[in-house]
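Note that the chains are named A, B, C, D and E in the order they appear, and that numbering of residues resets to 1 at the start of each chain.
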Amino acid sequence: MKAGTIVGRVWATKRLSKLPSGALMEVALDDTSDTSSAERIIAFDPLGCAEGERVLVTQGSVARGWFKDANLVDALIIGSLDEEVQKQTSKSGQRRAAR
Amino acid sequence: MKAGTIVGRVWATKRLSKLPSGALMEVALDDTSDTSSAERIIAFDPLGCAEGERVLVTQGSVARGWFKDANLVDALIIGSLDEEVQKQTSKSGQRRAAR
Amino acid sequence: MKAGTIVGRVWATKRLSKLPSGALMEVALDDTSDTSSAERIIAFDPLGCAEGERVLVTQGSVARGWFKDANLVDALIIGSLDEEVQKQTSKSGQRRAAR
Amino acid sequence: MKAGTIVGRVWATKRLSKLPSGALMEVALDDTSDTSSAERIIAFDPLGCAEGERVLVTQGSVARGWFKDANLVDALIIGSLDEEVQKQTSKSGQRRAAR
Amino acid sequence: MKAGTIVGRVWATKRLSKLPSGALMEVALDDTSDTSSAERIIAFDPLGCAEGERVLVTQGSVARGWFKDANLVDALIIGSLDEEVQKQTSKSGQRRAAR
């Protein structure tokens, strides 16, 4: 998966019918340590995330497999990252088996 | 998915028979914030888009899965982006159906 | 798909038996507008293309799916680009069958 | 596969139910010889690795295929690299089982 | 496919059981004309190649499909390149149908 930040939203009125209706978010991926070259993708968002939210994205046929019917989604937001918690626990906490 | 801009069209008379007939568009992807290194792909266009149009592209086996028969397409234009609308609504908060 | 130019050919006498016999061409992809960083791939060529020829390449499981039997090809030349024609027609508007 | 180093861990309380519970590790991949541009991915860790550990990661539908049920994982830690051993054996020629 | 050069070998004693036993080679891919940014991958080697050998690698689900059983390999060495022969024949020889 990739971590990234939602930087916008796009709409496509003229579209193929197999693109499911729902939010299409523009995500700047944390692809490298060099943020100036952040990769931009458009991901389907079933979680109702907001601009600026840090998210986890899965790509390719794995993203499409989440839907029950054949569709055209190759990038899917699968979680919203708990960032504050993350920094505390990586100092204070032991490896937490399956939070 | 990736957002991009159609920058041209290509033809291939000498081709494998499983490449479906139809428009093959050259698309410069909005891949990074650095536009000088925009990735170029050739995408099949079932929507009849024009040069300069902003489009949404899906890639890999997800693109091939749109066709009923076995074929060779690994990049497909699945929508045309409503850019003017996008900027207005991201301020006014209209059309947030799926949030 | 990606457009590219054939820049060489490779041979592999020591190989797995599921790599089909046939031409293996080295292709420099038109990946970005910056040609100095052109990506190089090795693509199977069922069309009999020559060095210097401009070609269209499909990748991944879509390339493998072209073959009847299980095989190891993840990049396939699927067409030869009609470049001269392309530039004329994009001005005169001929051959716009699928628009 | 890719080799990389675990550089952190992320949590996602708000998530799709098909993302399996378990550790999600941030991995800086040894992608190029230029370490300043190391690609960052989030990989599912079934092996209980620690921060700083060198790991082997598989990606895409191959990662998803490891799970019994449909899921959303497109990057999976599949091994922990024996680095000290590697350097000794590449000199002394031990453990060359598969050569 | 990608051409590359074997630059090392890795071992992973702590591993998932579905990673088949056998050699795991580090390969520097001929990814671009700029060799300083060569992409590094870890590929399974069923051919018994040596360090410094020039090889052909297939990736993704196509690599996994070579194995009879479910497994975790997403990069596979499928051939060893005949480099000397290649340079001679690209000058002296005509396109050789299926060497």
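Miscellaneous remarks
As a convention for this text, a contact is a pair of C-beta atoms (placed from the backbone, for glycine too) under 8 Å apart; a residue touches a chain by one contact, two chains touch by 3 or more.
Given the structure is predicted, the values throughout are model-derived calculations rather than measurements.
Centroids built from CA atoms put chain C at 32 Å from chain A. Distance from the chain D centre to the chain E centre is 20 Å, each centre being the mean of its Cα atoms. In chain C, 37, 60-61, 63 are the positions where the chain touches two or more neighbouring chains simultaneously. Chain-to-chain contact here is organised cyclically: the chains close a single ring, every chain touching exactly two others. Beginning with chain B and heading toward chain C, the contact ring passes through the chains as B, C, E, D, A. Chain contact summary for the complex, chain E toward chain D: residues 8-16, 18-19, 21-24, 26, 28, 36-46, 48, 50-51, 60-61, 63-64, 70, 72-75. By the touch criterion given at the top, residues 1-3, 30-34, 37, 46-47, 56, 58-63, 65-66, 76, 78-82, 85-86, 89-90, 95-99 of chain D touch chain E in their complex.
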